[in-house]
C-alpha cells in the first residue's frame, strides 16, 4: 500500500489526462461541440471509468470527486485539446493513441486498486478492464455511437491482458511499478497492433463479418 | 433471511443466465458483434439490473462483483449464445422468451432483496421493476435502441405486477418460495400475452398510436 | 443543517416536479410513448440527477428512493403531463421553461447538499452542476438524443453560475434561503436569455459553428 498508492495515483492521473484529451478531441472532431461540450465529454471520458470502479469497490465518494487533482487534470486535458485540437490536420491518429494510452493505464490502475481493496483475483482483472473501457463507453453512448468495446476491434482483450499481467506479477511477488509498466505496455502494444493490422476477435460461427 | 437467501440466489442466477443469453443473442442478431462484443453485451444485460439494485440499496460492492457465481453464470450464458446463436434459424422467439424470463425472475428477486434490506413496501415493488428492466435498458442504450421499457409494449407493467405479488404475499405471511414463483409466473404470463396479442399500455389522450 | 434541510427538501421536490413534467412532455412530444414510457422518462429525468449526486456523496440509499416524497412527486408530475400534455398546442415552450426551472433548482440543491456533506467548495459547485444536468442527460441518452449539456447552448454554464452563487454566498455567511433563491434565479435567467437570444459558449478555434 505504501508503494502502491503513489504508483496508483500516477497511473490514474496520467490515464485521466490521456482520456481527457481523447474525449475532448472526439467532441471537436465528431460532434463539433462548443467549449462546454468539449470539456464535458473530455471529463466524462477521463473520469467515468474511475467512478464506475469506485462504485464497484464501494470506495465512495469516488476519488475523482474527493481528490481535486483528478478534476484539475481532466479539466486541463480537455482545455488543452480545445485550444489546440482544431488546428491539427488530422485528429484520427492522436485520438487512437491517446485512447490506447488511457486504456492501458486504467487497466493496470483499476486492477491495482481492486487488489488494494482485497477483491478476488478474477475480480481484479475484470475490474481493471471495466475501469479501462468504462469512460470510453460512456463517451460513446453520449454521442450515440456504438461503444468501441462492442465493436469488432481488439479493445477489451488488451485491457484484460494488461490487468492480468499486473495481477499475476504482483501475486508472484513482483514489485508494483515494473508490474504496472509491463501490464500497461502489453495492453498498449496489443491495442496498437490491433489498430495497425485491423485485427479482430472471432465473430460468431456462421456469421459474416460486417464491414 | 435463512430461507430467503438461497431463494434469492437461485432467482438471481437463473435470471442472470436468461438475460446473458438474451443480451448475447441480441449482440449477434442486431449488431453482429464479435465474441468480445457478444460477451460484453450479454454480461451488461445480465448484471446491469442487479448492479443498479445494489447501488439503490447501498449493498456495495454489488453481489454481481463480489460473488464470482454471477460473473461465471453471465459469462457462460454469453458463451453458450455465441457458440450456438448463429446457427438458430430464427432468433426472435428465444430472444423474447429469455427476456421475459429474466424480467420475471429479476422482478421478484429485486423486490425480495429490497425487503431483506428493510426498504418500504412501495420501494420494494419499484425496485423489483427497476432490477427487472435495468439490464435491458443499459443493453438497449449501448446499441442505440430506444429502451424496451419506453416503447409501446407491456414491459414495466408485468414487472411491477410480479414484484407486487411477491411483496403482498410475503407481507401476508406466505412463504418466500411460492410467493416468488407466483410473482414470476404472473409477470411472465402478462409479458408473453402482451407480446402474443400485441397489447399496449394507454397512449396519451389525443395522441395517435405510432406504428 | 436545521434550516438547510427543509430548504434542500423544498428545492429538491420543486425541481423534481419540474423535471418530471419536462421529461414526460418530451416522452409525449418527441417519442409518442405510452403511459409507462411517459412516466418512466419523467421519473428518470426527475430523479436521475439526485441519484448521481447521492452516489457521488456516498449518501446511499439515494434520497430519491428512501424518501417516498420524491417518488410521489415524480410520479405525479409525470401523470399530470400525461393527462394534459397532448392537448397543449405547442409543447416546445413549457418544455424549455420547465427544464430551466429544474436545472436552476437542482443546481442549488446539489451544491447545498454537497456543502452539508462537507465536500470541498469547488466540488460543491461541480456537484451542483452535475445534479442539474444529470437527469436531462440520462433522459436524452435514453431517447438517443445528444445530451443537451453537450450541445451548443448555454446549459452547464448557468448551472455552474447558480451553484457558485449559492456556495460563495453561504460561505460568506448569508442565510441559506436567499442564497438559494439568488443562485436559482441567476441560473434561470442565464438559461432563458441563452434560449431567447440563441447564445452559445465559444466553439473551438478554427471550427465552423454547426447549424
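In this document, chain identifiers A, B and C correspond to the written order of the chains, with residue numbering beginning at 1 in each.
To be clear about the criterion, a residue touches a chain if its C-beta (ideal position, glycine included) is under 8 Å from a C-beta of that chain, and two chains touch if they have at least 3 such contacts.
These figures come from a predicted structure and were not determined experimentally.
Enquirer: Once you've mapped the touching chain pairs, tell me: line, ring, star, complete or other?
Expert: Complete.
Enquirer: Where chain A and chain C touch, do the two copies share over half of their residue numbers, giving same, or under half, giving different?
Expert: The interface of chain A with chain C is built from mostly unshared positions.
Enquirer: I'd like to verify one number: the distance from the centre of chain A to the centre of chain C, where each centre is the average of its C-alpha atoms, in whole angstrom.
Expert: 29
Enquirer: Considering chain C alone, which of its residues make contact with at least two other chains?
Expert: Expected reply: 55, 60, 141, 144.
Enquirer: Spell out the residues on chain C that touch chain B in their complex, using ranges where they run on.
Expert: Per the touch definition, chain C meets chain B at residues 27-28, 31-38, 40-41, 51, 55, 60-62, 65-66, 68, 71, 82-83, 85-87, 141-144.
Enquirer: Once bound in the complex, which stretches of chain A touch chain B?
Expert: 55-58, 60, 119-120, 122-123, 126-127, 137, 141, 144-147, 149-152, 155-157, 200-210
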